[in-house]
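In this document, chain identifiers A, B, C, D and E correspond to the written order of the chains, with residue numbering beginning at 1 in each.
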């Protein structure tokens, strides 16, 4: 992901200068309105109340968090807090806030506002504010990380923790933790979800459900000279191809959710350009390791050898992905590049099967998601390819699917024996992959493999509490080796999703989290 | 002698169906005098309705078509007339009423609407005048409660009243000729006699010529002056009522008259014509009645007889027994039809 | 007429109740846990259980049904599990979008279908008749989702004449008042937007209109043929009425009842069948609202959405039935 | 003028001695004359032929994936081109005929049997049974059919079999109503009164008189309903609620290739045409059957 | 006097009229309103009347194809109205009906053979060959050929169909045949064929007919005795000869008057009767005919005249007698 973003970064600088020249020559004609096409509507505009990615695409432009991620990356940078201090025991965090920031309703942003928001969240529950679980639960819960949030003075906030949390700062930068105007919260209560008031570069204007959300420029935005755009319209067009058609027709300016198969067509179109979002995801073929015959490591390895990741990526990711060998994306700190993947080798696969005592193969169900996901735009089709490959080593697979939500329910309940699914990182920390997806603690929630390794557990817990990044990285590399050997899943691919826009777009760097902030975005 | 108001010469009307051409009306000629009542009798399917529709220019097209002959109304050939001219004649100079008073009125429009519509088309009267005229004509045909009736729908009326409405509609513009296609068949006897009386009365008062189609010989005898007998698309006998009933020349006419049970006397056994009414077009050769005729002889099966005059009063018959030459020759020399 | 209207209205009640029952039971039978859906991939078992209790999903079905009916009778369609908004407020824009689309489609279908049918019957066996009926036959055989895609491909992508998706020019949005955009743009006096909205309507409404148009044309033709053979048409002609009026007044009024029946049926099908068209043309209508909700296991939305559409359908048919009586004075008597 | 003599010879019929025309034969005669109906029947038979002999005719298998051959335009090897798995579209369409015809036939058979049963029950016995059944039909018909089908599939889960069941269910009231009204009108026919007057039992009247005389509309409706069922199955497939891969169901094929509309239009055009043609065939045939079988058109 | 074959007393049939918002009964059609008459073995009783006066309903009531509202039907000394279903079925061997519409009364999907054979099957008469033989026989009896057996009804003309209908009625050797306007739909020349046939059959098999028609000529021709119906009641019943030459009831008079005579010399000077039949759902009080009667008295408007025998075998319901 880093490589892609830095490239875009350089070209961005050139573009900026060019664009300034252009501006001088033709000052009038510059487009100031962005129409962003996407596949689904927001479920809420109060980001803490939802876990849906579509919601954050809008809210990151309305709300700001104390800290934010770097452009095109997941390192933490100053946000509403311009600097911060961590105590040595990693239990006290002190933030100094930006001065002169105002909410869209004209009220001042200050330490009290931060305290107000955190108190609101920590006093909620999983139903009201699901995302607050990032901090180990709610006020009064045993695992709750935050002991207290205190306004030291007008512009200083102090967080006291119950126990150290390594990704604490990364968590704070997550989009759900945008700070809302306390006045608006009091005024709207639960209706804040339809009446968002933040400090961000854009103000909320209107929302036509399942159709458009319109934002306009915040003229009092604290970053001098920004935003560049006058307004943004988020437009819902569910079908990927229909959305692309709309883009070609000029009805929209920018879109995500591009069919990989359309890449060639887009490339040949003079008026369009492709941006890539750094990969922060993984698609995998999981085994329920508690079920026969997948409790046998040899069987799992055999299947790993039977999957032609290259062809799959070629055909159904339009090349916009790389075959995966680890559960976490390569751009992430702690990625173990030394691991050698199970190569595509049907003979070897057969051998392993024979060794495992399944010379004649067996029958199995292969579950696949029926709707496109970022990490797996054509899950059903990939499943079909895998099905064909398995057939060659004597395994008869029946493809099964379900609606997305019940599908996840089934996975969580450990029903399917072999399944395809994936994960999009929340905060750019390996913990968000390895612990969340494969630790024994996560069985019943996101550990769909029901894989349980005490060795791995110990490593991951240590990495969670150790504040030294290098030490953590080593621990994670170790973890990846264990996982590679035990192979509870076959990692399939890390996608670099495409974002397609008009040629005259500049200063746009897609963010790995999937939510883009359009502060600097502009048209030539 | 009175003027011929309608004269039909060699009329041929056919239907073109999958089975080929069906000559429903085959070389028919007859005429209607001014102010007379002409009866047309014949069994079902013999072409009575098609003849009358041909006069009105209303033969359903496709599949029907007038393929030959002339229909002269006061000397003007209606067959050749363009639709626009024809429209001005329909309902104005020649009017028509139909058998089923129930289905002949549009169920979705009020009586008034349907009556006034015809008047407006031909008289250019305004709405109010037309209405007055409608009421006047309704009274004339003996309809009660005329004002209210105008706003009622056909289903609210009894069969007899509906037929009176039909007659009122037909008579609205004082037509010279009224064609009545079995106007009383669907009615009860008591109502039938009322309607017949009304028609007779209108005929006398307004001097409208009436072509009355029926299969009831009683009706013919009761109100017609002359009668035309049809069989399988052809006229088999024509003449004054007296002549036809007292001295029928055609075996069919005679059989027909004899088949009807009389209420005045108890007949021991009815006469009956053997066999069935043939479909038009099914007999290609010879006299169409030959197959059912007791007197048929060889010639009848090969040659088509013409209408031979019987006397000077217009009594004509289509039978070889009455050609003059053949009559004596073949008298009594019967061949059965089998 | 009053008694007839009342009787028809009363007959609607058991149907409506039956509908709520069906809607209710269908959705209870769907596997999947709504609590889980709201809380998302990271939810814990406890929080799911908690929410389940809160939503009453652990109650026996009849208790839930009674609650649901109570709500319905007070005009409360429930609350969307996903957006937490009251459905009665949320649903109108979607419904309006579909109504506008269906209405325009139906107007196209009726105008063209009825007239094509009439002219075909009038000039039976003419070349017009043959052409129209062959087109109509192809029309009724058309998978509309395929037609929609082909239309889009030809007129938007290849020719670029018409917009591909949506209801309005995104960059020139309509100020929604009634959410029927044609009406709204007129109220706002924005002719430019009116034209835009109309342009957006063309492709989807034609796709949607195809089948009803073909069916209407066919039924009009056969109904007209039957009527035009009837005695009263002959009577009208015998009076000297112009053929045009014989056809368009005397015959049409009599032939219109089966046509109306079909129009009623098809309007209902349009409301439901719009799902396909709405998906292809990105139309934010009720079909998609329901379809998406099924994916999200948003029970209340699916229930209320289907119920609203079906109720609409029932009332359209009621209106059609009343129209029968209005057209045909004989009907109210039996 | 000669005397008339009594003539009581047996009546000569105008039909040839050995010519027996049953109503079915008569219907077949008029059907045979209907050109459009013959075209329709030919189309239907063509697809039936494809379906039955698919393994013999199809140049390739249902699911011969070859990713190297992806999205090849029509050529001499692949007459209708290949899809995104590199499979031969022609072969898949040929195999798809099996699915579409199967779904159409079976679902219509199901709804015809159930619908006729309920319809006869309601029409013949009347009273509360009629009221009950008719109300249930009313309620089912109050839902737009696709919506109902989607709801049913949502309950049962997406699969070809469930799509088939859903389509059968939504068609039940159509058949039921048709048969009910047919029974109601046949019941009033004089030959039924005549049968009663002979002393016939209800069951015999039902089986020997009412049922045979209600067959014609069932057949007509059946043929037309197959057309609708095929479209509905394709629509469900298109929405992902019908056949599952690698089944070459036409609607599913369309759904799977809609993203290639611009890039590889042949992947869209041919399956769509196949649906349209089959449906057209059944519609034409149904129209012809109606003209031939509907007694209203006769005489 | 011999024992009558059929004795009908005070037979009534009211059809409910439903209406209103809830579809409740709001009235009734008095289709048949108190009929009493008898039929002797071997005779033909003619019933005439204008349409809607209840002729067909009477026929169906006697056969119990309709359940009477009230009254008794005694057939061969057996009470028909209280028979159980299976007894009734047996009885139907003895009583048969011929319908008006030769097109509607034969099942279009059965061959003539099947149509004719069915009554035998139903009553379990004979085996297959016997049944087939009887079908052939019966076809010849009604003037058709045995080779017609394999054909379908639509292959016959109206007159031929009516013959098949008659053959069907005769299959089980019934003693009573109710003929409901059997010739009204036929052409004159065919009508006389069928009438002759019916007469021949009566002689041959000793049948008893109740012959319903609206054509007074036909009734006169075929009947021994004639009953005239008006609004659900018989208003006059007498020997055919008597009734036609010396009608008593003003309605019978008017009816006879109205019939057109196929003789151009015959001139009647009657005025006919005015008005039309009132609706049977709302019949006039008193004598139902008083609204159209030229000799109406005050008593006619209030009191329903009794149906009484004024001469031997001549019954009439009129206050004039």
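Heads up, the rule we're going with is that a residue touches a chain if its C-beta (ideal position, glycine included) is under 8 Å from a C-beta of that chain, and two chains touch if they have at least 3 such contacts.
Please read all numbers here as calculations on a predicted model, not as lab measurements.
Colleague: Using direct touches as single steps, what is the fewest number of steps from subunit A over to subunit B?
Modeller: So the least number of steps between the two chains is 2.
Colleague: For the pairs A-D and B-E, output the one whose chains share more C-beta pairs in contact.
Modeller: Answer to which pair has more contacts is B-E.
Colleague: Counting in whole Å, what is the centre-to-centre distance of subunit A and subunit C, each centre being its mean C-alpha position?
Modeller: The separation of the two C-alpha centroids amounts to 39 Å.
Colleague: How big is the gap, in whole Å, between where the Cα atoms of subunit A centre and where those of subunit E centre?
Modeller: The computed centroid separation for subunit A versus subunit E comes out at 90 Å.
Colleague: From the C-alpha centre of subunit C to that of subunit D, how far is it in Å?
Modeller: Inter-chain centre distance comes to 25 Å.
Colleague: So what's the Cα centroid distance for subunit B and subunit D, whole Å?
Modeller: Centre separation, subunit B to subunit D: 48 Å.
Colleague: Which residue numbers or ranges of subunit D touch two or more of the other chains?
Modeller: 8, 11, 14, 154, 157, 258, 261-262
Colleague: Got the subunit E residues that touch at least 2 other chains?
Modeller: Only 157, 159-160, 193, 196 qualify.
Colleague: Of all residues in subunit A, which are in touch with two or more distinct other chains?
Modeller: In subunit A, 239, 403 touch at least two other chains.
Colleague: Show which residues of subunit D lie in contact with subunit C when the two form their complex.
Modeller: By the definition above, subunit D touches subunit C via 36, 135-136, 138-140, 142-148, 150-152, 154-155, 157, 227, 231, 234-235, 238-239, 251, 254, 258, 261-262, 265, 268-269, 272, 275-277, 279-280, 283-284, 287.
Colleague: Under the touch definition given earlier, write down the residues of subunit E that touch subunit D in their complex.
Modeller: My answer: residues 60, 63, 65, 88-93, 95-97, 99, 101, 103-111, 118-119, 122-123, 140, 143-145, 147-148, 150-152, 154-157, 159-160, 163, 165, 168, 172, 193, 196.
Colleague: Please output the residues of subunit B touching subunit C within their complex, sorted ascending.
Modeller: Subunit B residues touching subunit C: 53, 56, 58, 60, 62, 83, 87-92, 95-96, 98-100, 103-109, 114, 117-118, 121-122, 153, 155, 166, 169-170.
Colleague: Please output the residues of subunit C touching subunit A within their complex, sorted ascending.
Modeller: Touching subunit A: residues 31-33, 36-47, 50-51, 54, 82-85, 90, 93-94, 152, 156-157, 160, 163-167, 169-171, 173, 176, 279-282, 284, 288-289, 292, 294-297 of subunit C.
Colleague: Help me check something: in the complex, which residues belonging to subunit C touch subunit D?
Modeller: Per the touch definition, subunit C meets subunit D at residues 14-15, 18-19, 22-23, 26-27, 29-31, 137-138, 140-143, 145-146, 149-150, 152-153, 157, 268-273, 275-276, 279, 287, 290-291, 294, 302, 306, 309-310, 313-314, 317.
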